[in-house]
Amino acid sequence: MIRHSHDIRVRYADTDKMGVVYNGNYLTYFEIGRTELLRSVGLAYAHLEAHGLLLPVREAHVTYLMPAYYDDVLSIETTYEHVPNVAVITLSYRVLRQDDVLATGYTKHSFVHAHTWRPTRPPRVFVDAVTSGQIV
Amino acid sequence: MIRHSHDIRVRYADTDKMGVVYNGNYLTYFEIGRTELLRSVGLAYAHLEAHGLLLPVREAHVTYLMPAYYDDVLSIETTYEHVPNVAVITLSYRVLRQDDVLATGYTKHSFVHAHTWRPTRPPRVFVDAVTSGQIV
Amino acid sequence: MIRHSHDIRVRYADTDKMGVVYNGNYLTYFEIGRTELLRSVGLAYAHLEAHGLLLPVREAHVTYLMPAYYDDVLSIETTYEHVPNVAVITLSYRVLRQDDVLATGYTKHSFVHAHTWRPTRPPRVFVDAVTSGQIV
Amino acid sequence: MIRHSHDIRVRYADTDKMGVVYNGNYLTYFEIGRTELLRSVGLAYAHLEAHGLLLPVREAHVTYLMPAYYDDVLSIETTYEHVPNVAVITLSYRVLRQDDVLATGYTKHSFVHAHTWRPTRPPRVFVDAVTSGQIV
């Protein structure tokens, strides 16, 4: 299992008239979380795309527990457990402000070829990174 | 049960470098769907906020089936079934391009007082609108 | 000179904690305005991109006069005057709520080839559309 | 004159189908720049809002020189020169990727009371911060 935590600061643009972070923006926070988790094991997601692969989201879930506010420093904690020979990849997330868990969720993905969007198995470079980079 | 369909056109700003609508923006599409569903039964959500209530999202789920592209005209089909004496409100959604279902999902909400964010029962004006406005 | 007006409704996602439309989102409104102006003279911008051209923004300016609020219906009025043999295209905009002008601005663009981003002259299909489609 | 540089990383959500950062998102980058410039002289903009003041944008200008890409690390360089007894505040910006200047621009603001949006002079806490915090 790989776990990585990355801090961000809430932008004014992220808020809505309710005075809190707009619900849809948590999916952006999750995106940042998985990008940084991959980077933490030596893999830039941009590198995968440069090699003709995409990793679109197939399913996303968010549970909102407490609101996040402008200028808050949030920790996005991302967890990935690699399951061999499975086409669908699942990442799970927690968004925290210090010890408070503000939101939890997960996303499911599958690799596709950029030009055809036809599904493909997770590439070797991905499997190597997430299996050799066992951190927790 | 109330069902309402509302068309939108995909903005350039809604897309990402994958060439499709960014996954987080479907939660904005769902927001438009529930706003227009309420309007269809005579209730402006802005009216509720003007009276000191908010309806924050407690949970959101999206299943992505096919990508949506720039300039597509999408139908956001929103469904609500009122359950008396229940604090949590659930809306479900389908995003379609003509006959193709591109995404499905749901959101759960509860009413809160704007100043305290303390939960409160669905207000009379809401219950009246969604029960008298039975369309389907 | 071509002028076109297109109505949009302010989304919750467009607002920020100030309770008004976030300043950056006016550039999205301008984008909608120029897309619909082109459509009004028979040209889908998506068609230009499908033929290997892009029309990136080179310069943008917004003057904010009055705030726009959630659920407002706004008119985006876009104006284009074609100048022959000029590489840079300028569009100007006004965002109105009924008779109130909320914002004004302009954007400057030049056509580029999608793969190289090398500038190119406005294509024939564009010049034909904006010159034959003289509305005002 | 105060100058402050702050690094951000381009999010996937910031890009559009052109494969580059969407033009409107530079105004979000400018917002981050001025927030961090104020923080660098000891003033949290959130503190001003907590005391009943807002600093809405009156005018914004962006010149786009080169595109920014997903996962780029960008430096937002923000400059402010305080002019005594003037109601309108001007900040200027440069967005760089290493030595390349990708965009330049400025924003103009005036302080208003949060409840009335009536203009007011820059508050003492702001003037003190930007005059004592002379860095360059």
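Labels A, B, C and D are assigned to the chains in the order they are written; within every chain, residues are numbered from 1.
We take it that a residue touches a chain if its C-beta (ideal position, glycine included) is under 8 Å from a C-beta of that chain, and two chains touch if they have at least 3 such contacts.
No experiment lies behind these values; they were computed from the predicted model shown.
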### Task
Would you mind checking which chain's C-alpha centre is most distant from the centre of subunit B?
D
### Task
Any chance you could check whether A-C or A-B wins on number of contacting C-beta pairs?
A-B
### Message
Roughly how far is subunit B from subunit C, centre to centre by C-alpha average, rounded to an integer in Å?
### Response
28
### Message
Can you work out the whole-Å distance between the CA centroids of subunit A and subunit C?
### Response
33
### Query
Just curious, how far off is subunit B from subunit A if you go by their C-alpha centres, in Å?
24
### Message
I need the residues of subunit C touching at least two other chains; which ones are they?
### Response
12-13, 17-18, 20, 24, 28, 31, 49, 70
### Summary
Touching subunit C in the complex, subunit D uses residues 17-18, 20, 23-28, 31, 49, 54, 56-64, 67, 107, 117
### Query
Which residues of subunit B touch subunit D in the complex?
12-13, 15-20, 22, 24, 70
## Note on the structure
So, in the complex, the side of subunit C touching subunit B is made of residues 11-13, 28, 31-32, 35, 44-46, 49, 69-71
